[in-house]
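One structure, pasted below without further comment.
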Amino acid sequence: MSENEIRFRSDVTVQLVKSAAQDGDVVFAARVSTQGEQTLATAGEDATARDKGLIRYLMRDRHGSPFEHNSFTFYVEAPIFVFREFMRHRIASYNEESGRYREMRPVFYVPSRERNLVQVGKPGAYVFEPGTADQHELVEESVRTESTSAYRSYQRMLEAGVAREVARTVLPLNLYSSMYTTMNARALMNFLSLRTKKDNAAFPSFPQREIEMVAEQMEEYFRQAMPLTHAAFEDGGRIAP
Amino acid sequence: MSENEIRFRSDVTVQLVKSAAQDGDVVFAARVSTQGEQTLATAGEDATARDKGLIRYLMRDRHGSPFEHNSFTFYVEAPIFVFREFMRHRIASYNEESGRYREMRPVFYVPSRERNLVQVGKPGAYVFEPGTADQHELVEESVRTESTSAYRSYQRMLEAGVAREVARTVLPLNLYSSMYTTMNARALMNFLSLRTKKDNAAFPSFPQREIEMVAEQMEEYFRQAMPLTHAAFEDGGRIAP
Amino acid sequence: MSENEIRFRSDVTVQLVKSAAQDGDVVFAARVSTQGEQTLATAGEDATARDKGLIRYLMRDRHGSPFEHNSFTFYVEAPIFVFREFMRHRIASYNEESGRYREMRPVFYVPSRERNLVQVGKPGAYVFEPGTADQHELVEESVRTESTSAYRSYQRMLEAGVAREVARTVLPLNLYSSMYTTMNARALMNFLSLRTKKDNAAFPSFPQREIEMVAEQMEEYFRQAMPLTHAAFEDGGRIAP
Amino acid sequence: MSENEIRFRSDVTVQLVKSAAQDGDVVFAARVSTQGEQTLATAGEDATARDKGLIRYLMRDRHGSPFEHNSFTFYVEAPIFVFREFMRHRIASYNEESGRYREMRPVFYVPSRERNLVQVGKPGAYVFEPGTADQHELVEESVRTESTSAYRSYQRMLEAGVAREVARTVLPLNLYSSMYTTMNARALMNFLSLRTKKDNAAFPSFPQREIEMVAEQMEEYFRQAMPLTHAAFEDGGRIAP
């Protein structure tokens, strides 16, 4: 496949680049507050039932700072409209690929047939419904036509010597981009509480499906790295401490 | 002009919605550190030569916190690719119009003939040159064609009952959006130091012209509200304290 | 009374230095998201029933950003142990008087007879009880003796030419200090949710009484400036959006 | 030595609890901006001369975000007056031992004979001089007397059943405390630029010696973990990007 052949995807990718995050980090940080330097002496121990109780207590009483001494770095590939929402979260670090420094590759998002297309109800209480086959066809055709046309214009301008930062302005919001993002578990829980829609959540949230797809992959990495913290988050109504 | 008639603009708009910001705020905050409660007693005085010296000293020695006790709220209209860069600044507050909650209006950015189109040199040392008439025509035609086509597709999808959050994904990065943003003078100076290109700047910066157009308007409001602070920023090489 | 005569206080002081904060700011910022530039046209209107509903909806669904386009600057006089807790709140600006730049005045905190002195129960569920007259006398005498002695040592060192930053290290945590602090309504609500103890709060909090005394005064200024926002905060269980 | 025997120290302790920080993190994050997903393919390579040049370029042109995808967690033991300054740095995470939750141990800071005691000159241009033997003796005696007396009062109140949070208020600022703190390299460089005094620094800084002692130990861990980044910081005048 040529570099410039236009591709369409309906998924998003999240890779865990690195993490320095385990439940023990929460426990040791919390114990500094209550026990002083003995904390370090026990740093090698496994998380026990007592740790589990401590984490639940911290979460419930919103002692948020012990959840900050850890970090997750993710590499995310998603459409630009997802990054636009993602970067509204300010307690995180970002490096996104730059359309000023490099030529964007022709990869575009098109909703899959599983993606609900029709929104009913009022703001704050939207419900999504699947959409008809006709609606899906219209979306697919529109997305494919506009993406292809825009990318061809982009290339023509680049070939004519126009600066990348100017030419890119015709590209649509469904273009894929990629980024590194680093955040700690507290910020991650806040992200998840707002960008996933779960039945056990204490507060309603109405994330756009595509950022939720990113959030779900991030949550799985979080669950694996910090199972006790994740369980306390779940059981407490998915409220960030 | 009908609501759905496509319009093209080559400018950006910045309005000062409100500000609570004057040079005296810097002085009084700094004097809390050095003089305690006498500060309040003098709060009514005009900024004097002594204030001017104090502000310069704070700027030069990077005592940043006295520059934070003030705030500017701007209403900005600019293309999405500008907002993408803008929102990377995390020490600020944002509310942007939402393509999930409302139908986007058909207003698109097209570079004016004054906008340099050709980039020469290496990363970190780019220089821009005007571009030929042919290049300008190609850009204008490409922008007009793609914007119009994308907006028509967007409307067709909306008319067919597709959710706004899905339909909007075909819209290009040169679509205008608008936002409220609030920040203090310290954050604003950091923004200006990175998003304007001035000869007297101690550090190089290579902002995209369109965000610089926004920054220049913000700077003018800043200069009017806090002339001594702005002068100290200018004279000190445009380094945020 | 001489400058160096030692004084004892049992209260804290909060003055509103300035604010640029009203309910309308929340409404207009939120409407940028949903209505675009029409927002500005209605900026002069009074907050209405519709505004009230909008603010409640934003609070309930945790749309926090519209609550950030405003600012409060307070001047606070309180003991150092209060500032130690206060400055753990990172989404705020601070300028505190500096014991490196100026001689500290001899004002010290002593608990009043109304201040509960005895703590019973376990961490996370402490209850305070009044304390006996003997306990109150012991506290008062200890505080007065130690404060006086420490301040005399401080002065002796200053008189002997020792640097302020060294001499001050013998001063106790009940010494009064003062600061300017600036924050927006969202950060303020977060502060209040953690630093006051109210029956209608959805989450438990166990603030030290002295920081709660500061918080209560801040809350009163907030209530006056933004009554609809404050009411929505109260009715929603005092959860910051 | 009994738990309650009063001890005096003249040093501070910084331990690196954990770090996830290497020069490669900077390079890979920066390359996301310029090269997209190829970044990951080269993630295993050693930092090379090319990496060195890239890091220098990022530092010089103030591309700060690539320096954020890493983290350092330190355990710090220092007097409270040091923590008071430390926690003014808001881009970091903190858990300090709590005088509300535990009884403070009787460890106090006393300046060593090497600590300069006398400050001459004006604000912004202070110079410190050693001080005489008499001055040193006065400081030592004052510190020992006040610390001991305050701690005895503290204990008497605790024994009489007074709550820890009340009794602690008589303790002086030279009492040792301890904390976990986590920050990334960008925040760390900002901390170092303000809290150390080096000849090659582009900007003046006048840190109190005791926080500088903490900063110097942190810097050594930073230098070991990220030698290329540290060298670029040094060579560039110790300006945080």
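Descriptive notes on the structure:
Here the chain labels run A, B, C and D in written order, and each chain numbers its own residues starting at 1.
Please note the rule applied: contacts are C-beta pairs under 8 Å (C-beta built on N, C-alpha and C of every residue); 3 or more make two chains touch, one makes a residue touch a chain.
A quick map from chain label to UniProt name: A, B, C, D = Flavin-dependent thymidylate synthase.
Small disclaimer: the values here were computed from a predicted structure and weren't measured.
Counting only chains that touch, the fewest steps needed to get from chain A to chain C is 1.
Think of it this way: of B-D, A-B or A-D, only one pair shares over half of the A-C contact pairs by residue number, and it is B-D. Counting the residue numbers used at the interface between chain A and chain D, over half appear in both copies, so the two copies meet with largely the same residues.
If each chain is reduced to the centroid of its CA atoms, chain C and chain D end up 26 Å from each other. With each centre defined as the average position of its C-alpha atoms, the distance from chain B to chain C rounds to 33 Å.
The residues of chain C that reach two or more other chains are 34, 65, 88, 94, 101, 123, listed in rising order. With chains as nodes and touching pairs as edges, the resulting graph is complete, every pair of chains being joined.
Those residues of chain A lying in contact with chain D across their complex are 15, 17-20, 25, 28-30, 32-37, 39-40, 43, 65-66, 68-71, 73, 75, 77, 93-98, 101-102, 105, 178-180, 182, 184. Chain C meets chain A in the complex at residues 34, 57, 60-62, 65, 88, 123-124, 194, 203-206. Listed in rising order, the residues of chain C touching chain D in the complex are 79-81, 83-84, 87-88, 90-91, 94, 99-101, 109, 111, 115-119, 123, 128, 131, 134-135, 138-139, 142-143, 145-147, 149-150, 153, 156-157, 160-174, 208.
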